[in-house]
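In structure tokens below, several structures.
The following pair of complexes shares a single chain, subunit A, combined with subunit B in the former and subunit C in the latter.
For the complex of A and B:
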């Protein structure tokens, strides 16, 4: 009987030791250092950095400000922002969603299969979809006025379903998010390719393609969708029950559960938001590419997580804001664009991107240390 | 006169201004087993951590073999021949027995970095043989029984040729037979000239094993000497024998008749057995027991954190669903866990977020689920004021930066915002200073007056006696006895907790009478 009654007592001394080990005295700093510190600790640090970067680059690459380039930057930015916002929700939970890129691929294919008005038999006769979902007359609703709304809803449903599967596995089977989403990434990106035999599905409805066309030089449907989504996400995180609970579960799941927070439901919802955002991004990307593409987003994962990290969202969970994601995405897009304009090869671009993410992660550590020392 | 191997001289240690040890001095002789007894929190573990180099004393010094000794870390203590056998085993279950034993000093092949496996295995075999432990050096620790693991831990300590061994509750996970085996080994180690400090709550074991005893209370040495002078009842008397001064508020409120919480025949294999407890409106029921007696585990079952197999729990005659804290909260339960850093608070978040966490749904609109931050802030502020929470800024100040007592008030506050009808408090005054304790007692009295039922778990008999209407004493997963207020007696409560009978034996009576 006795041996089963053991209960662990936390070591009383350990925390005291750690605290005693922390630096006691605060150093007297010169005003310059203080200003530098305040900038480093600022919420807007990444934004300042981006502005500084643009200012430095302007004389070197004057084409940066060319209207064509600005339009290019923006059209790259909106869909990345949408998918990165989804990732932010999961990162706040101390999770990660590797499957967002496969959600995008699946969504793109599913939406195109619903909406396309014609499919080339030479390309698609070997596809398992041929004859039932895809014929020479196009997809399920090819040519019908319902094609657009149903197509988009189907795309969003793909994101919600994959997100639900991820969230359910993490919440109820307590599987590590990395494994769960790695598997769904492999599964669904392979499935998207399998369904289409790796061919792009073209001939999408005009109305659908218009989503990412700009109307007055910079304003586009993509922009409006991304901005509305960012505002909704911001309100969701800062003002609603779900948002407050998301942060609580992210920082301390046990304490949250004891306080009556439905942790499992919160986790599932977060992964569904992530999937939904990925599928909205798929709507934007597919419309811009004018095709359903089974490899859509396959190289995007680094950009999604990179932008979040640069924005300052911690992989350890419990910390993150939509404004940070916006700054991170903005910086990342400017960086990629400027490197492109310098005519660097894509290996070099990736090496630079990697280094920047590394520096961002280091900065995060430094900022945390300063914050601790200030307490 | 035996040789003194080691001595504490006037050791004082404070945590955040609270004395954990006050002017402690005693000596350990060569070839003796010294028992160290005291209530939870009397300072035993702190004392051992100082000797083991985990903590450093604020004042005083230690003398080891005639020279001052001040280890800065466990490694220094270990190289000075002091080994610590912990309550929780520090073995790597994924490694073999021999690897565990030589983990800090692997024998190498010559001067190469490769491990000399043969030598490692052989020296391990020798050690195991000396402990009468018949297991292979190659077996993984995860395949061993708790008793065998304990012996491996001892073998590990012996492998360094330590001559001072500290045992902190080594028998909690052992069967009676394994315990007997361990004791015979400890005795033979003593006869070889090693010195042993033995900490245990099981006074019967202490009595039969040790040569000398030191009794600690409130961080001070109360008494010490050869074990022959310390019958068990005297140990208990010395451990608890402090006067109740005015550190407790007067209780004016009285329990009403309506039953709020009723647990019937609650059992879970190996944890609690057939527990029946009722709590009435406005009643404070204390739960006393030693570490691992089942009281905390039972509280967690009540609230729905942990599962139980049999029995039923009702709140205001309605059955309470198992394992569902959300439902428990809906039915008016609140739970202040013993572990406020890990389970009670979001340490890195502001006070407001913490106070609001439980009641968030009450402050959010039905349709949009938007949280009414203004109303939440207003009510959280009222709670904070009524609890006299000392803080600068509810909205921005992190809970981490508060003192222990104020952190505890935040935990209490988050539950009070929900207006619970039944409050479970697990060690609510642990690690907070006397003033804050008093305020916690006042809050309890106020809640009881308003009709809240309170289940109050504590390891301090005095505070239970001062605050409770009834005290339930636990031991080894069972409720042993219920004391009504008129029957409260520290000694009787302790005797029950230590599984001694309530009546003195003839032999003990003789000793007691002799003392008078």
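For the complex of A and C:
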């Protein structure tokens, strides 16, 4: 995960290739093999796979297309997509952000402490927040019209601050991202539990709870937030100088620095984006669950990274697109939903999910080899 | 090429939608289907509870869909929404905590599917649900009352402590209150205010906190655990201190618990344990099934009923006469 000095070839999905229009050689193979390779190498490979999977499952699970199930799939998809987009930025950098789950927990707690309109003294008298930030009358701004905007801003600030700490440690102390974010995960998860003494904070403003609820058919606040975020992230990666720098640092940090790329600033920004996305996801998840939870997202990390890997975002860095993340999250959610609809046991569902992530990682290796052979 | 790809994708998603959702009304068979969504099976109590519910449902010819949320409230919410989509007639949950029970029950209320909450009650009554719950306060009080009677026989003051569960769980709150009722009843019996040891229903947390508590208060000789699953933890802390002794031994710590599990049955028989509060799991499963079937039969979409299991305390004094009423005792004897 550490940004290394090893020289890597620019790959498809990296802006370096897009910019240079690098020619790709082709081996003389039979048409069938060529078609198979073209599908395997396609940017839309995961999407094709998802469509195939849906077509196979449709006769087996007719309720897959039930309007209520489509609503379920989408409402499960938006928060995961938001947090996965943040992880994409860090993965492109050849890093990893294990602390996203703790950012979600801390954001959820901080937001709830600001917004809640009531707190039970039996549950919270032992909390260090009691009497100062939390009373029987609620949180800091409980009942005030400012509770919602200030609460959400506080949540986003938590994500940005933790992201900054992570990025700063990686960029300036040259610490491995795995260790930095692992420590952050432990520290902030424990802090969220310490602050609330592991209790959930309820009685959040009605307007906040409506964010994740369906407004009209499949349209919800979560959907609008996720789509806007995806568009902004896509533009950031493909149309801005920051995006080009991110790919450059992900491919080779040292080379990019020599070329004048402000690598440290790029790394810090990427981790801040990751933290910000995690805190936006915390808004969506905690409004959905109608409470601030100090354990929010604690089991979610494998889903976040799994969706990215399935989408084709390389753990080796320098490669990835927001559309791939969307495809990966979509496939992952469809997979989980369909396995639930098949009424398989929890253990089998997790084994299947794990196997799919493994296959996706192996496919990534295979695609890289084919690509190199074609060059 | 890109436009063609997009067109292909849209067609692929649209065709099955039209085929299966427009005319796709599935024939619903007559068999009742109930989804049983539990938070996990980490203790003997929940394993036995899972067995009691699924067996009771299946014995009554009901199709059961099982979902394990692996201690994740969000996952449990998603699973419940998935089973609602599958058209189940009712949902029974063991929630992760009282707060998530409310959120999940509201989702079922919105969908018009009856929901039953088993043994871990919702933290408020804003949603409509069937709730079966042991009267934790009364059961805990009965167990601790027996412990207090044993303490009085010592003719001196004793040093009390309670291992408290997750106070986000109303069960834990009720059990603590039952213990405190006895503390208030005999104020002259106690050498100091009870030491409260947090466990969060987690064996590792319980171990660390009990060790600390015993170091800070080495004279503790009256210990009530809010759940029987913590007895192995208690033994591992008390044994090295020479305090894991049979009832009547001078170093015996007067010990009580609540659940009535297999470990408690064994410890009662071996005379390490003074009393345990018993929840009648099989009775609770029957209560839930009866109420759920009645709701389904009457077409009630949002039944709202709170049902109590009065429970009882199994002690060294009534072991010979009431042991067979404890679910853990029955399983213990089967294992033997």
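Note that the second predicted complex is superposed on the first by the 347 of 375 C-alpha atoms of A that agree within 3 Å, B and C clash if a C-alpha of one lies under 4 Å from a C-alpha of the other, contacts with A are read in each partner's own complex, and residues count from 1 in each chain.
Methods note: a residue touches a chain if its C-beta (ideal position, glycine included) is under 8 Å from a C-beta of that chain, and two chains touch if they have at least 3 such contacts.
Model, not experiment: these values are computed from the prediction.
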item: Contacts of A:168 with subunit B and subunit C, given as first, second, both or neither; value: neither
item: Contacts of A:130 with subunit B and subunit C, given as first, second, both or neither; value: neither
item: Touched partner set for A:346, first subunit B, second subunit C, both or neither; value: second
item: Which superposed partner A:53 touches (first subunit B, second subunit C, both, neither); value: neither
item: Which of subunit B and subunit C A:242 touches, first, second, both or neither; value: first
item: Residues on subunit A lying within both footprints (that of subunit B and that of subunit C); value: none
item: Subunit A partner contacts - residues on subunit B that touch it in the complex; value: 15-16, 20, 45-46, 49, 54-55, 87-88, 146, 172-175, 269-271, 291-294, 296-297, 303, 305, 325-326, 328-330, 335, 337, 339, 341-349, 353, 356-358, 360-361, 364, 368-371, 373, 398, 400-401, 414, 431, 476-477
item: Interface residues, subunit A side, partner subunit C - complex; value: 44, 47, 51, 54-55, 58, 62-69, 72, 75-76, 122-123, 197-200, 202, 285, 288-291, 293, 296-300, 336-337, 340-341, 343, 345-346
item: Interfacial residue positions of subunit C with respect to subunit A in the complex; value: 5, 9, 12-13, 16-17, 19-21, 24, 26, 65-75, 77-79, 81-87, 97, 99-100, 102-103, 106, 111, 123, 166-168, 173, 198, 200
item: Parts of subunit A lying in touch with subunit B, wherever the complex brings them together; value: 1-17, 235, 239-242, 244-245, 247-248, 251-252, 254-262, 318, 375
